[in-house]
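Below, subunit A partners subunit B and then partners subunit C, in two separate complexes.
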Partner chain A sequence: MLSKITNRISTVIKNDIYITRLIALMLIWLVFMGFFRFEKFYTVINFQTMAAQFPEFGLMAFGIMLCMILGGIDLSVVGVANFAAIVGAITLKKIVGVDGEMLGIAIPIVFIVGIIIGAMAGAVNGFLISIINIPPILATLGTFELFTGIAIVLTKGKAISGIPFGFSEAITGRLFGLIPIQLLIFLAMALVITFLVTKTTYGKKLYLTGTNITAAKFSGVKTTKIIIKTYMISGISASLGGLIMLANYNSARAGYGTVYTLQCVLIVVLGGINPSGGKGKISGVILAIFVLQMLASGLNKIPEISSFYIPLIWGGVLVAVMVMNYFTENKKIKL
Partner chain B sequence: MKKLIAMMVIMMMVVSLAACGAEEETKTETKTEAKTETVDESEWEIVIVPKDATNPWFVRMNEGVEEYKKVSGLNIYQKGTPEIDATLQSQLIADLIASGVDAICVVPVDPASLEPVLKQAREAGIIVIAHEGASLENIDYDIEAFSNDAYGAFIMDNLAAAMGEEGVYTTMVGHVTNASHNEWADGGVAHQKANYPNMTLLEAEPRVESEDNGDVAYQTAKELLKKYSELKGIMGTSSYDSPGVARAIEELGLTGKVATAGTGLPAANAEILKSGAVNALTLWDPALAGQAMAAMAVKMLRGEEITDNCDLNVEGYRNLTFKPGSDKVFEGQGWIVINKENVDSFGF
Partner chain C sequence: MSIRLKKLLRHNEFYIFVVILLLSFLIQSRSGQFYTPNNIVDIIAALIVPGLFAIGAFMVIVSGGIDISFPALASLSIYTTTRILVDIDYQGGILLPLVLTIIFGAVLGAVNGFLISRFKLQPLIVTLGVASMFRGFMQGVLKSVQIAVIPKGMSEFGTSSLFVAKNMETGLTSRMPTAIIILIITLVVVYFILNHTMYGRGLYAIGGNEISAERAGFNVKRIKFFLYVMVGIISSLAGLIRVSMMTQCHPTNMLGMEMMIIAGVVLGGVAITGGAGTLKGCMLGTILIIIVQNSLILMGIPTFWQGFFLGMLIIVGTGVSALQVKRLNSPKKGKGGDKYA
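And now, the complex of A and B:
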């Protein structure tokens, strides 16, 4: 039994150097925290807090991941998330009374509205990229400004606050007092994306298009459809992230989460998704999300490390991983 | 692969459960100890959370906090996010709650976004003190350096003097959601209406945002001055507003024709004060504000009663009075004026 497990682990290590690297990074950090901040880090509340924090940007990272497998990128995720959160907030304020009546109906409606907005925003991205042929970086950077702009107009630049607390309470609550609801939303989306990517023809076509779009076209793949679909899923994922942000901060504003764009790109690259497309697994991205959250929360627990160093650490990790990936890729070529 | 992840998740859960058990044990132990001995003050952990860590305003606050730490010998420190961002600040506070600190003193980036996390903090029995967050509900107390109306009126006096008490002006705030900035601006406008009849507020854009950013303040001022040729004054509130506006005034060659007054740090603004682009800046010392928050937290941890006319033993905060109509918001007398003559005497 034990040898079976070790066998399996060793094949995994051989098969996927990116994931091995992430696990090693995570273990090093866990040991480090164990030595220096054991009583602060290894607590249930700390793991619950972390599990409630990463879903909002983790969902955005999923979107970027799918687009990157396709050989593109979605830099508009934060814009989509804020747009969805703001429309969600307006909807909530319209439906729910001061005493919280209608809340049971309002929550599903807010999610439906948010998902529709995400899908529409994603469709705009997909249309610009596949039909108008704008490079993904430019297209999504443009739509990021567009969605943020619409959000600013909707809110007149202010934060929407005074939202009935019921929504926030429902989403930031814990199932059985233990598992944060945000985590469940994240896991549900992770399952859906895993299913789509590994079990459906859509997944096969996604990787094929990402590897070589010309070959995919000649093999009869409707690449336009695949591109639009992928950006729509990215938009939906981002909008769910936005609704979680709405719950976490009980307010919505066009400028929330501006740091997430870069952070999500960092996660996706760290997770072993090849920026030129066609390669990478969702499990790597999930691991990268865990690693980044543990790093962030851990650093927040060490007052001796000044906040001045945090961007330096992020940048260092990103560059180090890309350099390591470069050497792994080159080794493969030599062999 | 999936199995490996599943295994890791299970491992994490087991570890965290084990840790939880251990933690509960130690907690009960310390509780019984506390009953027999006096409270060990060195065990306290008081954290000051500024809007961010690199802004000179909060670097100065950190100096004050470090000094207070030395004098009191308690475990008090400042921990900020690397950049101003409401989401990052909220997550930092969530992490602090998880690590079980005793008091959190916060200068909110966007008060509305902090309500849920501050509510959790208070439910966890953590003392929450705010500064520049008069609109917050889930706090124990908020300490303002002074009455916002009076400070706004004070800035207005400075602006009126610079404008010769006549002409069109507008107001600039960090964010329109920032409670303090807006109350200063409101107080300034009310003061103008009562005392300076020849001045008028620009009706098309009575309040603009600088997003707590000097470049945005500069851009916004430049746009305003080009769009409205009748504009003769801009009342700033955040520490970036007036310096940014002054840059725009100088660059457009309007020194002496357009005036600005507002908050600003001395050292960073020595040049514009001396060149005459700005007549006088007003300020409270962030170092003292940081100390006042820490002092309030210590007072509450010691179980002392907090009443009106409260004395924190910090300069400018020796006679804190409740803001009229509130039993949470305290106001001190902590303002100072900086002009050409005294700008070099502050040392920050």
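And now, the complex of A and C:
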């Protein structure tokens, strides 16, 4: 019995080094926090706070993940998120009166508007990459500037505040007083993306295009369509992240969340997605999101480490993971 | 059409030059302020720091990589230099700061170079991580704060000028900073390296096809390593000039410049996939970006449109060159395609 279990575990370890590594990292960190900051870390409120925080960037990371599986990258996610949040905020202010009437209709409308913005932004990215043939890095860098630019023009560079409280209350509320609504939105999107990638032909085509776009073309995959679709999903995911940001801060500004680009790339690489495309699993990315949030929240509980160290730690972890990946991949080739 | 003219029309540099001319005429007609001695000098002075950054970014892009860590690298390098010099109460000239920034730049650049050449990692992601590390190191470990008073040697260098241009009508004057000499020297040196040395050929060869370059006998690892060291030095120099010209050291002031710089380089017709592009184009693209930034005010457009225009410029500029590549590579139009593809 015991040998069976260890056997099972060893096959898992052999099959997916990335996920094993993440679980190990998470366990080590949990034990570490248990020893040094038990009363502060292991509380319901802390876990609820964490669950309310990671959906923002987790949703953006999903977008980058899909594009990276495709062999590209989407650096515009933060721009799309802010753009959607600002348009959402403007819509909300237009519909809802001062006394908070019409809120029931306003929230779905805001989400629909946000998703349409995300889809359109993604379609622009996809068009530039697949039809005009601009390399993904540049196209999405350009659209990042463009969407942020439009967002700045819409707000004249200022933050939009004075948003009706109802929206923020509804999204940052907790189901049964326990589960944050943001988490539910995140999980819903995670399910949709998992379904798309693992159960549909779209998923198969996505991996094939990411592995070898020429081969995919010659096997009859309409690569242009796949690329546009993928960037659209990325845009939608990012716009949902933006709407959650809007609810969390109860304001919108073009400059919010600029650190998320790096953080999302870190998550995706940590989760075992190969930047050259065609490889990686969603479960790894979801796990990486959890790990990163736990690291960030845990570090917050240690006042000796100033928050200025966080970029150093993120960057260091990213580079270390890339170097580790180099060694694991090379071992595979030698075998 | 003569071959010469045909060749000219093929180059992106030509179009970017035309765009710059048209834009300048437009600004001139709207404001009457473009073709004035002081505005021209202002634009050249504003070009020094982005120009140096662009030279570094250009070299990396030619090699098929991309570097987005140079503003962070320059910030860390110049902050460390200024901190040390202020702490020892340095009173001398510009020479020691220059040497120190070059050393720090080389060391920090070597970090990028080592990671990218030794482990064959993706430059975009490595430099993203390294940029974050540099920033964290500066703000966390060094606890960076704004240094309001920099060593006298540096501020004297930054505020000294070669000559002063005066607008006869308005009486406005602009100084041509001495630091322009560093930009010119760097341009000459890099031009020589790229066009007249084996190392330069190697850089283009790696950008074209890394495996072929290795087979042809280039030491790819060494070329890449020294490339990032060089870029570190050039970026550091840009940081030194920026701090000297502002006469104070603001640690996070340069962060976020990378997008604009890369946009300029790519606008100048440098292929983002590597292997093609000229220093001339790189500088023209950067000048275009500087003009757009400096002249929105002259045209009476609120500055918050800047991001929008920058984004459009990147997309249109890269789009045009991407379409050109596509047309050259498509088998149907064989006429010119065969020759140049």
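Quick note on the criterion: the second predicted complex is superposed on the first by the 324 of 335 C-alpha atoms of A that agree within 3 Å, B and C clash if a C-alpha of one lies under 4 Å from a C-alpha of the other, contacts with A are read in each partner's own complex, and residues count from 1 in each chain.
The definition used in the following text is that contacts are C-beta pairs under 8 Å (C-beta built on N, C-alpha and C of every residue); 3 or more make two chains touch, one makes a residue touch a chain.
Keep in mind that this is a model prediction, so the values were computed, not measured.
> Could you say whether A:Ile310 touches subunit B, subunit C, both of them, or neither, answering first, second, both or neither?
both
> Pick one for A:Ile115: touches subunit B only (first), subunit C only (second), both, or neither.
So A:Ile115 meets neither subunit B nor subunit C here.
> Output check: A:Ala296 vs subunit B and subunit C. Expected answer is one of first, second, both, neither. What do you get?
After superposing on A, A:Ala296 lies in contact with subunit B but is clear of subunit C.
> Who does A:Ile152 touch here: subunit B (first), subunit C (second), both, or neither?
Touch partner of A:Ile152: subunit C, not subunit B.
> If we overlay the two complexes on their shared chain A, which of subunit B and subunit C does A:Leu262 touch? Say first, second, both or neither.
After superposing on A, A:Leu262 lies in contact with subunit C but is clear of subunit B.
> Under the stated touch criterion, which partner chain does A:Ile137 make contact with: subunit B (first), subunit C (second), both, or neither?
The second partner, subunit C, only.
> Going by the contact rule set out at the top, does A:Leu318 touch subunit B (first), subunit C (second), both, or neither?
A:Leu318 contacts subunit C only, not subunit B.
> Counting only touches as set out at the top, which of subunit B and subunit C does A:Thr43 meet: first, second, both, neither?
first
> Shared contact residues on subunit A, subunit B side and subunit C side combined as an intersection?
Shared contact residues on subunit A (touching subunit B in one complex, subunit C in the other): 157, 306, 308, 310-311.
> Would you tell me which residues of subunit A are touching subunit C in their complex?
Within the complex, subunit A contacts subunit C at residues 73, 128, 132-135, 137-139, 141-150, 152-153, 156-157, 254, 262, 265-266, 269, 275-276, 306, 308-316, 318-319, 322-323, 326.
> List the residues on subunit B that touch subunit A in their complex, please.
Spelled out, the residues of subunit B in touch with subunit A are 1-5, 8, 12, 15-20, 22-23, 26, 47, 52-54, 77, 79-83, 85-88, 90-92, 94-100, 110, 112-117, 175-177, 209, 211.
> For subunit C, which residues count as touching subunit A in their complex?
Against subunit A, subunit C makes touches at 66, 115, 119-122, 124-126, 128-137, 139-141, 143, 259, 262-263, 266, 272-273, 302, 304-312, 314-315, 318-319, 322-323, 325-326.
> Residue numbers of subunit A touching subunit B in their complex, please.
For subunit A paired with subunit B, touching residues are 8-9, 12, 16, 19, 23, 37-50, 52-53, 56, 157-159, 161-162, 168, 172, 245, 247-251, 253, 255-260, 281, 283, 286-287, 296-297, 300-301, 303, 306-308, 310-311.
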